[in-house]
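The same chain A turns up in both complexes below, where it pairs with chain B and then with chain C.
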Partner chain A sequence: MNEKKKWKLTGFLVQWEMILIYLLLLINILLMLARPNLYFASGTITSIIQSGMDLCPLVLGMALVMMMGEIDVSCAANMIFCSMTTGLLMDRGVPAVVCVLAGIATGVLLGMFNGVLVGYVGMPSVIVTISNSLLYRGVVKIILDVNVLRNFPDFYTKLAWNQIAGIPLAMIIFLLMAAVFVVILQKTGFGRKLYIIGNNAVTAEYSGINVRKTKLAVYLIMGVMCGIASIFFVGRMGGGVSSTMGVGYEMNAIAICALGGISTSGGKGKMYGPIISTFIMAFLIYTLGLMGVDANAKKTLTGLVLLIAVLIPNINKDLFASVRRKFRKI
Partner chain B sequence: MRKITGNKNFGLIVGLIVLMILAAVITPDLYSVGSLMNMLRNNCVFVFLAVGEMIVIISGGIDISIACIMALSGCVCSLLQFNHPQVPVFLWLIVAVLIGMVCGMFNGFVVGTLKVTPMIATLGTNYIFRGLAFIISSGAWWYPHQYQMTFQNFSIGKTAGIYNIIWFAGLILILAAVFLNYTTPGRRIYAVGTNKESAKVSGIRESRVMLMSYTICGAICGLSGMLYVANFAVGNFAIGDGFEMTAIAICILGGVSIIGGQGKVGGVFIAILMMSIITSFISMLPGLSVWQDAIKGAIIIIAVGINIWTARSTRRQDLKERGALL
Partner chain C sequence: MGDYILELKDVVKTFGGVQALKGVSFQLKPGEIHALMGENGAGKSTFIKVITGVHQPDSGTMLLEGEQVTFRSPLESARMGIAAIYQHVTAFPDLTVTENIFMGQEIKNKMGFYNWKLMNQKAKELIAPLSPTLDVRKPMSALSVAEQQLVEIAKALSRNARIMIMDEPTASLTNHECEELYRITENLRDQGVSIIFITHKFEDMYRLASRVTVFRDAEYIGCWDVDQITNHDLISKMVGRELNQMYPEKTAQIGQVVFEVEGISKEGYFKDVSFDVRQGEIVALTGLVGAGRTEVCQSIFGIMPPDTGSLKLNGQTIHVRSPKDAFRFGIGMLPEDRQIQGLINELPIYQNVTSAAMDKFQRYGIINVEQEKEAALGFCQKIQLKAESIQAPPSSLSGGNQQKVVFAKLLNCDLKVLILDEPTKGIDVGAKSSIYEIMNELASGGYAIIMVSSEMPEVLGMADRIVVMKAGRVTGTFDKGEATQEMILEASLRQKEAGA
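This part shows the complex of A and B:
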């Protein structure tokens, strides 16, 4: 920590969040050079950002979960479950507000189930969420079968596709939510608890933190975010939901968080990272699409980016350590 | 009696027997020799995936990329046997295993040497391998008439009245059991999975053990890819999507501890039998096929819950006997 304070400017410039911003700028410059006409056309950047916003609430929730050293693989299934609740209630002619709230409440309920199993029963989160993912999606399959729900409130699609003065509405709401999460994680006692639990759950327990309760609370927040994500997702999909939609979204959310510098073993990283890397992912995927790269080849590059992103801090750490050692010898 | 009930696989075996009786009452058709053989044949691919996954999980890692390794080797084999029919088929078997080994080695290198968290590392390689499979196959599909009979015979040919793929699966199970229980590298995998620090102190190089376990897992998955396409005679880059989750689920159900260091081939074998009976049982009942995922998920949750509960109660009993909890 002391070294960081000494090298204030350089330390700031090489920290992970800044590297992410450079990466974002780099992708932008590449895109600008490759397709100048398109890049400066109105609406391109807007639509790029909009394309990346459908899973942003999941990323925010996942960052908290991963900070604790846990993981939630069931969030995509949870999201579809919430969408289904809203859709089914809308079909019955229930007022829209009640439907949306019911959707979010479903998310909270499913999140609570995860949280109780992880926190209170003490099952490993990977197992719980993998099998709950099967369970939730399975229930959606039972109820929906092959039907598609098309009856959703109007503001769903407006949220995903409209813009205010050229700024996508989805991004504004995402940034507002992100600000709340930054405050939660970086500035409140609750956020600091997550760091401690992520570093060492046993120590946290002995230092008087109620680990079980905190875990449950984080999974509840994740549930709320799944409910909100269902709004973004259904809107992005043009107001329709079927049981096979959104497969693999959980992996994308985890990938974005890892790219954002949140360690999967917990306790490391900041909230800004995932927020920036949400945009990086959107730009990257859109750029590759423009270059004529196929959707599946895009996956390969996404995987490479993820791996390299995870490797850079490791290499950095080793590099810094060896340099420091050399200086000490001198 | 206590020895029997205290056995870790006791609950599993009881569950299996209950399931079998249930299946016998409701769908007696399941117990004809033909449908039993088909059931085993079609679920054999999970033997490979689950055994590979088990070795990795025991060493303290996790591998999400297994299904993609399978797809990659399946694609390469389909492509090669279609484009070069003159080459002897058993060569493709070696190619499949080699592809799997290289993929597994890459995983092992990233996890063991570069020290990336297993979940994230294999999530990344998961994308990479699936994309490679797409690039190599250029999105093409292979249909049954495009497969040579000699190639298909690797899976659906019969030796001594049993499909070849079942022989392969049996062989892998026995080899894995011997390797894990009776060889030094196998015991090292357990040692690293149980406690990395103490393994290091006792002179085991963790990075090498990780590399080895991932390579073995990759090789088995590569083999499974070829046998899978030979079995169904359909190949494309998307085969086996989501199989990794089923494989992990089977491991968990079979009593492999997700933290590492615990797990036996026997338990995994019973879990595979259970899963395949559930799958065939449900698909034979009319209108129930949509229930499959939900039932599987619920079963895993309950099984793991029981597992953890019994582990806790035996620990408590041990402490009581030693007089620590007085």
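This part shows the complex of A and C:
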């Protein structure tokens, strides 16, 4: 029994996160070859990345939720709810700082509701969050009706549209947050608990891990991320929000995490995957747009990506087995 | 070769690079009960799957009544009258007994609808000789494990099985239920069914079988008449080495009372249970399955806290409301089902070992992985875990070594009281004795140990004191010297009034 497993280059090069990087490069190369003028034009890459940053905080939160083997379908509705809180308070002339914090606090509160129902009441997270998604968005629709909130702090749009030396500001913030999440999931005891719960919640309980509390904590983090996402989202939308916005964002976030290698049944994957996949999705959607694919067809893409991402591990197993069988016959 | 109803010659089966069967042979006489024994991983399960057509052998021949056959699926073997009753019952838990029995061969009326009335009646007829009182309209999940097995047997009979393969049917049965199963098995034999009986228990073999075949390391070791081989020889054939002493010499010094359970009750599970454990002592909690032993342990460990009664650690009353509390007080538990409750099969061994006390390796919440691995490696070496690497997942280990991983997990916590719920369940003979060694060492190290066990030899061999339970109550307490198998059995069947 040796303590250290030898680090192998081949192993490193074929792990899922690396495959995602190849995929990202491949899309870039295709785009480069198809539209060289556009690709090298200044601002193209920047705007592609900016276009994909509006849901990035949701992706980070969702990765933790999915790692536990749970899901949060209500995050987009939660995000819109947070935007509404901020917007309504701004309309009443409350100081901007308070409005932003109140928005995030709303996210935490709604996340806590999810977390209590999933963790302490023990309901299945799919049902809880689908119901709450309808609930949260329903309340927003009742309050806002067809009105559009337009009064948001300036830094919202700056965050989404500005850049520092050609680097999108949103991406910088995203990568900073992503770094924190990498540390949380890959380095801390809290992250390890998520892996353990995602793999076997019963063993986790028997190992003295407070599964309920941990689940609640993750949904609280998800709530914070919904609050932060509202800043990215409203900024991206040019500083306005209505009750019908952001529909389907939760599915994008789930698809990105699944593509990033976070198993939908929990316990598998690394934080790097969803981070890389966020960029893949941005480039993919933009490239399709350039190819003249209809905007509605792009939604189909999200569905396809999710399906394929969930399928891949299964296909892989069978594929490798059949390849091996064939080799043995030869 | 008309003597045999089923004969296999030089069957080879490989999975990936692993040889699961290295040219094994086997002969089954008509109307005999043939025991198949061997350690876990000896290839018994693969062998059965080859017979039933779940797996196809790479080479070798199979003769059914002298004619060569090949089965491409379990359906084909079932058609030829071969039925297997697996260790883990494979029924549909939410469907009724009738539905399970007639699954795939439903009787239809003229309109093409299912004729449930007729099927219920036929199911009743099939079940009646096995268990006259069983209601065939009940869902499978409402039955005991023993009853579920009877349903599987009835199902096999409904398909006119001539050869029945039973894979460790007695593994989770009580003594009484075993007797019942023996009787039924003998009846089947008398009706001319040939039976392959896979088991770990010598009682099963002596009671039922006329011949025994032993597999070891995927190889055929031999076949003997049961009355011509001694227990000792058989064990050494199975293990491949001499096994001098199953139970180690006790070395622990028994000290002060560490842990006291005082009159704890839990509605519907157990009532007024009291016992204590001293330092270095192993107290066995025994009784029939369903006597409430596991539930008592789960209560102590905080999985389901008791309604009334108290726990005392070193004389101080403690309140354990969750496993987390239990660990904080120094009470650890090795759960009964290591796959479901003890292991995280996808994570590396070292992370399994440290999972119950990660705080030790954290600073500001960040895990020091090097320190963690070093500690895990230390514990794994201490209990002589056989693994390729501590980076490997526990799913790559044998049952005995998986259990050692759970032991290492407990060692990593600073514990005083260890609860071991069926520590050798599903572990082969060779690995069992090393588990006993570990228990002995732990006792010597000053742990107070509570062991739940259904195996009488294990209880008598390991325990310093024996607490017997029946239907949720303590019905007897015995010291090591005075206890006999008969006394324990008597106490575990005794009616109501709480003893000693």
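Worth pointing out:
We adopt the following convention: the second predicted complex is superposed on the first by the 299 of 330 C-alpha atoms of A that agree within 3 Å, B and C clash if a C-alpha of one lies under 4 Å from a C-alpha of the other, contacts with A are read in each partner's own complex, and residues count from 1 in each chain.
Operating definition for what follows: a contact is a pair of C-beta atoms (placed from the backbone, for glycine too) under 8 Å apart; a residue touches a chain by one contact, two chains touch by 3 or more.
As the structure is a prediction and not an experimental result, all values here were calculated from the model.
Once the two structures are superposed, chain B and chain C can be ranked by residues of chain A touched, with B on top.
When the two complexes are overlaid on their common chain A, residue A:258 makes contact with chain B while staying clear of chain C. Of the two partner chains placed by the overlay, only chain C lies in contact with A:202; chain B stays clear of it.
After overlaying the two complexes on the shared chain, residue contacts for A:35 are found with neither chain B nor chain C.
Note: no residue of chain A belongs to the chain B contact set and to the chain C contact set alike, using the contact criterion stated above.
Of all the residues in chain A, the ones that touch chain C in their complex are 1-3, 5, 183, 187-190, 192-193, 195-196, 199-200, 202-210, 267-268, 324. Residue ranges on chain B touching chain A, taken from their complex, read 62, 110, 114-117, 119-121, 123-128, 130-132, 134-135, 139, 237, 242, 245, 248-249, 252, 258-259, 290-298, 300-301, 304-305, 308. Chain C meets chain A in the complex at residues 16, 301, 303, 322-324, 326-328, 333, 335, 340-347, 351, 355-359, 361-362, 365-367, 373-374, 377, 380-381, 385-391, 409, 413.
Listed in rising order, the residues of chain A touching chain B in the complex are 71, 117, 121-124, 126-128, 130-139, 141-142, 145, 247, 251, 254-255, 258, 263-265, 294, 296-304, 306-307, 310-311, 314.
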